[in-house]
Every structure is written in structure tokens, then in C-alpha cells.
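What follows are several structures.
Shared chain: chain A. Partners: chain B in the first complex, chain C in the second.
Coming up: the complex of A and B.
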């Protein structure tokens, strides 16, 4: 039983890493970023490429992926999202277009394949990333076999969640973000540079997704389309938890992760996902504002 | 009737005339392909109806399309020759016996736990009726739940999105009954009143053309009724409409149901034309793709969304025959989509509208007042 709960916890932490970024961009900026899953995908490809080209281990890929995806997020915000504030459903559509572009960019090796140039590690094929030996294997804890890599995922998630919490609740920049979440117009009137803070928030959220991608690459195959399911799952978590609530996002990712693991053990993976979707639909129907929403905008 | 209305009516008449004249220009393979595009055109209308007129972005329209498709496909599967040759005097889907345990009975009632569900589909009319009734009933029930609770905007999108993925997973998981990922292939032809609808025949093409024309005209008429006007008022300001005493959710449910019905019929037609039904109909990407068609064509223009769907698919078919562009085409679609949302939020239909208005203003300065009135209605 303990090992099932543990698997649920590790599923939940991947979900949380994906959802954290979505939660802060959606909550703070009113932007639905459908390209968020592609940030996960690109994070995973950073792990693949840094392994091939730099011979770097998974650990080094984490900061690398954060920087790459954060910069990419910044670019997307500057070029597209910035023009769409206040048009919620349009942000959903435009970022879906960006998601397709990014998928195809990876599949076409950034377009270089048209010139007959092959970038090793990119393309339509499947990729794998080697997990360092000290993260492989299991250890025993209270009569349950605990997988070392899953523990690693949970630890990384915990550290990043704490960092996010610290930035949001203990720094001046976080104060500005929270002010914008509550009331963007009032925040602007108080002299907060909403545009700048929004761009930073978007970049930070994207960076978190990139790290989630590195984590994913350790136990799943990496391929150009892997982002779509991630963004759907991430959204389910955000909506279930309550938009704009960090606490809600954490709890609902844990909840959905555990439900997934428990049903999967009892039946199969497909039904487990179906049950998760069912639970999310029920939650929205019963509490449209999510389980842990606060009264905000 | 204002000049603008006349132009709009002319556009509808012209479009319908073109699709009815189209068979003159191509062979049967071309006809089959165009029939598919007409089906996609119906989906464009369905999206425009909910998204453009009701302000409900349904990211799970594929659910209704898929249900319509599966209902008819089950009937057509049982009327195919292969289903008759399965060692039973009544037709049985071939995959069901392949997957059955050794020694299982070959009667539909009890090959496996769910196989009795197929019994009613021995009659083709059951499939035809359920193909529209099931989407309508599900949309009605979902609409009552969602709109009565005043759930709106992005939350409706998330619910519909989750629902289509949920149903898709269940369909895939129920492999013994639905043939899982492989879907239903090897189908018979639809037969109505002695006419067999060979997918490569003119009869099938005209079936699609008639259905699309009726959908367009019907949708156009319905948005111009009082109910349609109230619906647009609800889209623009839900709270105000509620204070004016309208039962907001009732109108939303009504149009949600109509859109689902259109999608159900489109699903059935697709099965007739393409001769298969597959869980990919309920993929998220297909549902979003429909929205892309409507956005490019113009979400608030029924005809625009329909033409958008047909046009994008025609170009896609052309482009994907050029080998170098097969993969690049998807990227181009992504780019077009971003550009349309950024710079042309009302799509091609909106653009046509603006051009037309300019044209009228130049043609006849006196018409400016009536077009202003139109503008305020449109806003």
C-alpha cells in the first residue's frame, strides 16, 4: 500500500511541476498557455541534447532546461501573449498555434532538415535519457520498495515549490505578482510595472515546465508530441485546485496523482486517466471555482 | 432588406450553387474527397453557432461527432458482408470473434460481456436515429448541468475537453465491444429507401451537399429568430440579459444541443463517406482543429466558418501532395493560426464583411446610415 501511495506521490509531483507554471501564468495574468506542454517537451529535449552534445548528466540539464525554456517563454510573451491580455480564449487559441509550431520545429530539427542537415537528438524519432547510476535502483523504507529516481523527482519538486512559495510570499517581486493576481488595474495604478512583472512570471512558469520536462525524460520516452497530454493534465490540476491558489494546486496535484495511481493498480492506466477526468468534471460541476479558491478578481 | 443583407443572401446562394455544381468538375475520387470537406464544413457551422453566437468555446465537439459516427458505424458494420460470414446466421462483427475467448457463443447476445449492446444495431435505422439522438441527449444533459450552474467561459471549455477525452479513453478501453484503438472498419454501405450510398458516387456527394445546405440555411434562420437575437445578447452581456428576465441557461442549452446535433449528423455522414469510425475522432487535436477552421473562416459568420473548414482542408490536401511540405504544413497551420488570432480576430468572414461595407459605402453614400445600424447590431 505504501509503495502505491508513493508512486501516486511521484506522479503528483510531476503534475505539480507542470501545473505550478500554468497556475501562476493563468492566475496572475489570465493567460491560458496551451504551449506550456511544449515547454515540458523542450525541457526533455534539452536533457537529451545536453547528454549527446555536452556529455552532461541529468543534474546539469535541470538548470540548463530552466534557462532555455524561461528564455523561450519570455520570447513568446513578448511576441504574442503580450498583445492578447484580456482576451482569455484567444490566448488559448494563439498558444495552441505556438504549440504546433514548436512541435514541428523539433520534428523538423528547427527547419534544418530541409537543407539536409541532421541535428542528432532532434527529429520525429523517440529519444531516451540515461539516469545516473546513483539515482537508479530502489531502497527499502518501512517494508516498501522505494524507487530512488521517484524520490529524486519528489525532492526536486519540493525544492522548486518551496522556492516558488518563497518568491511569491517573501520577496518584493512576489508581492507585486500577488497584487496583480488580486487586481491588475489597481496594481498598475499603484505603480507596479504590470507588463514587466507579467513577462517575468511567464518566463518563470515556463522555466518550471522545462524542469518538469527533464524529470519526465528520466522515466518516459521523449518525442515531439509529448506536450499535449501534459498541458491537459496540468490544466485539470489548476482548475481542480482553484485558480490563483498555490495551496490548491499543490493539494489537487497530490490528489489527482494518488487517484491515478490507485485506480491504475486496481484496473489499468487507461481507466485511471478516465477516472481522473471524471473526477475533474465532477469537481467543476460541484464547485466551479475549484476546491481551494479564494475570493479574488 | 438592406444592401448588406442582399449581399449575404447572395453569398449563401452562390455557395450552395457552387457545391451543387461541383460534381461536374472532377472524377469520383475527387468527389469523395470533396464530400469529406463538406462534412468538415458542417462542423465549422456547428462551432460558429456555439462559439460565435453563444460565446461557448466547446473544445470537445469531437465527442458529438464521434458519437454520431460510432452509432451509424455500428449499424453499417453489421450490414457489411464480412459480418455475415462469421459462422452465425445473424451478422456479427469480425473483430468481436477474433478477440473472444475460445468456445464463446457466436450470438451477439453473449460473445462477451458487452456484446449485447450491438443487438439493436442490426437495424440500420437504429444507428441513424441514435447517431443524432445520442449527441443531442448528452449535449442536453451536459448543458443543463453546466449552464444551470452558470459555469461559463473557460470552465465550459475545460469540462467539454475533459469529457471528450474521458469518453475516448473508455471507448479505447472497451476493446472487446468497440475494437479499441483500431476503430470500426470494413463497413457496409448506407441504404435509404432502396438507394445505396456508394462512398464514391454522386448520390453520396449530393447527400453531403444537401445536408450541408440545410444546415447552413437552418442555422442562418435560427440565429435570426428572436431566440438567436437573445442568444447574442447573452453572449455580449450575460448578466444584463439575466436582469432583463431571460432564462439565460435555457437559450444556451438550446443552441448547445443544436450544435451537437449538427456534429452528430456530420459524424454519420463522415462514416458514410470515409467508411470507418475511429477513436481519433475524439482526440483533443481534432476538436481543436475544428475550432481553428472556424477561427480562420470567421467565428461569428456561419458561412465563413464553413468555408474556412473547406478551404483549409483543400489547401492541406494540395500541400500534402508536395512531399517537402507534408511536415511543414502543420507548422504553417500553426503560424496561420497565431497570425489570425493576433491580426484578424474575426477571421476571413470578418474581413469579407469589412470589405463589403467599404464597397457599399462607396457605391451609395446614402446607405451609410443603414450600415451603421448594422454595425451596432453586430457589436
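Coming up: the complex of A and C.
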């Protein structure tokens, strides 16, 4: 039983890893960032490339990926998203376009046909990232064999979640973000530089996606399309938990992860995914604003 | 602009060379080029694999042209992009056959795309050369199948696993579509015939890469061998999770039918070391012909680390089978190619291949490879000679009782 709960926890923490960044960008800025999955993909490629170029281990790739994707996020916010605030459908379309651009750029190795640049490790092929040997295999815990790499993912997710919580609830910048989540116009009227805070929020959310990508690269293949399906899972969690609620995002990812694991053990993986989506639909029918949403003003 | 003498000479030399070039090539090839189609996904999720196959075809054509072409004419490839989408495949097939009037197309990778283009080839009388190993259960007079069918991958594999590895309980796992399910059907018959049993057959969504629950099920099932018909990037996540949950290839080996040099390179060789795959071709086949093939391919794609694998080899040699068929009949029409290709033999990089006169599938040599720590396989078992392809082996087809003959499919036998 312990190992099933562990699998559920690990599925949940992977969901949370992807959803965390989405939750704060969607919550604070009302931007549905369709390029979030591509940030995950780029984070994974940072892990691949830092392995090839710098001979860096997976651990070092985590801060590297955070910086690279956060900067990229900042660029996207400055160039595109900033001009489209308050236009939900337009941002959806624009970020979807950015997602495709990023995918194709990686697939073409920055436009192979135009510049003839060949970047070792980048391109259409499947890539892998070497996992340190102490993270391979299992260790024993209370008569169950626990997967070392998945434990590592759970720990990293917990650390990131704590850091996010700390920033949101214990710093001045976090208070500004929370004020914007509740009421952006009122926050602006109180002298908060909404544009600057939004840009920082978007960059931070993108950085979290980059770290998620590094974690994914340890057990999945790295290829240009890898982020596309993740964004759906991320939104599933955010919508179920309640927009703008960090607590809701954590709980709903845990809940959906455990449901997935239990149904998959009892029946099979294909049915489990259907059941998870069934639960999500049920939740948004009964509580349209999610399980743990704020009361709006 | 001031010219000095040296620069003038250089320019003049270049210009005259450029002028002479078309004259030279038209002397080499007096006639119009022969057009053939190459229909593979250049974009989308399947492009990773299919671009490699397209490269195999392009390389064969380049070599044929360098050696004087076909019937004294150069071969020109019209490349179309199937975009990883069966509907696009069928549109592009129509374009190649109807608009470009091309009678021969090399292409398709998945069964879904092949099934989508098949009616067009049959109705318009064109020939498709299809290189991927597939589930069988097809008998078309308009397709030459150069990849393996289940009896060429499984008929030696299952008995070998039971007798040589001493395994008795199979856990069958696959992606959820027609190929893994048909492979499971054939395997179950062979497993029971070999005196072993299967404990489960489970499927995962195509492209799904979350293996935590499935691997834990395999662990609990009491199986002593895993038969994997998993395809695509799911393979990589599977082998990684397998090792990460503490399962060992020595105790519980994965015996795969799809995992090739490509996936091994992508997952990291240490995850696959000790597992098995059954294929007619491996990159490790130690012959001068294969070594030369690998070198030429690496030069062609300009990647010194490129790997070759079964479908790529088949994509390459099928072009030569086509060339021989055309030269034998001296005609480019589908009927002439079909007539010319029956019984046609070619020395492929992996050994001799022959097009079966009855069902147009290729005679291939089944081999079993064990993956080593360097990402290459060691061939641990091989048939002494190529064996006859039986696309309906799951339904009782044998060498003495053929379902698919040169007259087409004998549907009465299928029902019986």
C-alpha cells in the first residue's frame, strides 16, 4: 500500500511541478500561458546542453535552467504579453503561437536552413540526460522499495513550493503579487507598479517551468514536442484547485495524482486518465471556481 | 571596379566551369529523369523517425545516380511531407500519383498512414514501397513490404526465450493501437505452443511516458520475462523507470520487438544493457557490407554518431529492389514493377533479401540481439538463412497453406 501511495505522491508532485508556474501567472495576471509547456521543454534542453558543453550534472542544471527560462519568460512578457493584458483570448492565441515558434526553432536548430548552425544536442532527435548513479535504482523504506529518482522529484517540488510560498506570503514583493491577484486596479491605485510586478511574476513562473523540465529530463525523453501535453495537465490542476490559490493547486495536484495511481493500479492506465478528467469535469460543474478559490470582491 | 590579372583569371575559370557543368551532366544522362516519390513526415511527432527513413531512401537514390542511374536515366526524388497525420498522407499520396504522375512511392512509417494511402495506390495503380516492420494481416498487390512481419520477429524469439532463457511467465506490454495488439495475439499462440504462459497483457496510451504504475504492476505480477511491443518515445521512459524501480535485466529481462539502436541511444545504453530485441537487421552485424553502409550513411547525414537500424536498412535496400525490378521489365508502370520484383534478390547491408513471388513481402533473416553497455547489440541467435514472410501467421497461415498469393487474398481461408 505504501508503494501505491508513493506512486500517487510522485505523480502528484510532477503535476504540481508543471502547475506551480501556471498557477501564479494565471492567478496574478490572468494570462493563460500556452507556452508554459515549451518552457518545460527548454528547461529540459538546458539540462541536455549543460551536460554536453559544461559536463554539468543534473543538479547544476536546475539553477541554470531556472535562469535561462526566467530570462526567456521576461523577454516574452516584455515583447508580447505586456501589450495584451486584459485580452484573455488574444494572449491565449499569442502564447500558443510563441509555443509553436519555440518548438520549431528547436526542431530546426535555430533555423538550420537559414544559418546552417548546428548545435550539438539540439534538433529533431530524441535526447537523454545522464542521471547521477545515486539517483538511479531504489532504497528501502519500511519494507517497500522506494524509487530514488522519484523521491528526488518530490523533494525538489517541496522545496520549490516552499520557496514560492515564502516569496508570496513573507516578502514585500509577494504581498504586491497577492494584492494584484485580488484586484489589479485597486493595487495600481495604491501605488503598486503592476507592470513591473507582472513581469517578475511571469519570469518566476517561467523559471519554475524550466526547473520542471530538468526534472522531467531525468525520466522522460527530451524532444521538441514534449511540453505540449503537459500544459493540459497543468491547467487541469490549476482549474481544479482554484485560480490564484497556491494551497488549492497543491491539494488538487496531490488529489489528482493519487486518483490516477489508485485507478491505474486497480484497472489500467488508459482508464485512469479518463477517470481523472471525469473528476475534473465534476469539480468544475459543482464548484465552477475550483475547490479552494478566493471570494472575489 | 578594377580587375587585376589574377582575379580575372579566377573569375573566368569559375564562369567557364559553371557553363560547362550542365553540359557535362547532360552528357552523363541523356534522357529525362525518372521521378519517384518519398512520402514521410518531415514535421510533427513522428518526424524524428521518419526523417531518418527518408534519408535512407535519398542515400540509395544518390548512390544509384552516382553509378549511372536506372535504365541510363537519373532518378529524381519528389519529397512530400506527411506531417505525422494519416489524412495528410493520403492527400500527399494523391498529389504524387495524380498530379505528378509518379508510379512509385517510397514511404509511410506507421500502419495508420499506410492504411490511409492504400486505397489510392490500389485504385490508381501505383506501387508503394513500405519499409517498417508491421503487424501483417495485409495482402495488397500494390505494396512491396521490405520490413518484417510477426513470424519473422516472433517465430524464433518466443521459443528461444522459453528454452534458452528458461522463462515461463510472460508479461506482455504495449502501446494501445493495432501493431502491439496483433503482436500480442501472435505471441500468445507461440507462448502457449512453447509450453509457457502469459500472466497479463497491458497497454499504455500511444506517446504516454508515465510508467510508474505499470512497472510496479510488472513487479507484482510474478512474471519472469517482459515482452514489450511499446513504440516511440514511451520506450525510453519505460526502460528508465524499469531500472529506477530496481528491476534487473538479468532476473526479469525485457524482450522487445520495436526497441532499436535509435531508442537505445536516446535512453542511455546503461538502461537497456542486458535486454533483448528481435530484428532482421542490427547495426552490429559484422560484415564489410554493413560497415561500409554505416560509414556511407554517417557521411550522408553528416553526423559521425548517427546510428543505423532495421527500418532504415529496409528503407535503403527497397530502392535497389525497385531498381532491379524496373531494369528487368524495362518499364516504369506499376504492373511492370510488380511483375519484375517477384523473386528479386538483393545483397542488403544485413544480408540477402528476396521479394516473395506470392505476397510481395521480403524474405528476411530473423536475429535476436542482446543489448550491451555500449549501446550496440550482440547477436545471440540467428536463422542460418532468410525465412518466408507469412503476413497471416496469426490466423494459421503456413508455408504450405498460403492465404496471400499472387492472385490476392484467399478470404475463405481467413474465415475458416
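The rule is short, and it goes like this: the second predicted complex is superposed on the first by the 290 of 297 C-alpha atoms of A that agree within 3 Å, B and C clash if a C-alpha of one lies under 4 Å from a C-alpha of the other, contacts with A are read in each partner's own complex, and residues count from 1 in each chain.
Just so we're on the same page, a residue touches a chain if its C-beta (ideal position, glycine included) is under 8 Å from a C-beta of that chain, and two chains touch if they have at least 3 such contacts.
Model, not experiment: these values are computed from the prediction.
When the two complexes are overlaid on their common chain A, residue A:54 makes contact with neither chain B nor chain C. Residue contacts after overlaying the shared chain place A:67 against neither chain B nor chain C. Contacts of A:268 after superposition: both chain B and chain C are touched. Of the two partner chains placed by superposition, A:186 touches none, neither chain B nor chain C.
When the two complexes are overlaid on their common chain A, residue A:108 makes contact with chain B while staying clear of chain C. By the touch criterion stated above, A:3 is placed in contact with chain C alone, chain B being left untouched. In the superposed pair of complexes, A:141 makes contact with neither chain B nor chain C. Of the two partner chains placed by superposition, A:158 touches none, neither chain B nor chain C. In the superposition on chain A, A:100 makes contact with chain B only, while chain C stays out of contact range. On chain A, the surface patch touched by chain B in one complex and by chain C in the other comprises residues 107, 124, 268, 270, 273.
Within the complex formed with chain B, the residues of chain A that make contact are 32, 80, 83-84, 87-90, 92-94, 96-101, 103-105, 107-108, 114, 124, 228, 232, 235-236, 239, 268, 270-271, 273-274, 277-278, 280-281, 284-285, 288. Of all the residues in chain C, the ones that touch chain A in their complex are 43-45, 47-48, 51, 176, 202-205, 207-210, 212-214, 216-217, 233, 236-237, 240-241, 243-246, 262-263, 265-268.
Looking at the complex, you find that chain A touches chain C at residues 3-4, 7, 10-11, 14, 107, 124-128, 130-131, 136-138, 145, 147-150, 218-221, 223, 225, 229, 260-261, 264-265, 268-270, 272-273. For chain B in complex with chain A, the residues that touch the partner chain are 57, 145-146, 149-151, 153-155, 157-159, 161-163, 165-166, 169-170, 172-173, 284-285, 288, 291-292, 295, 324, 327-328, 330-331, 333-338, 341-342, 345.
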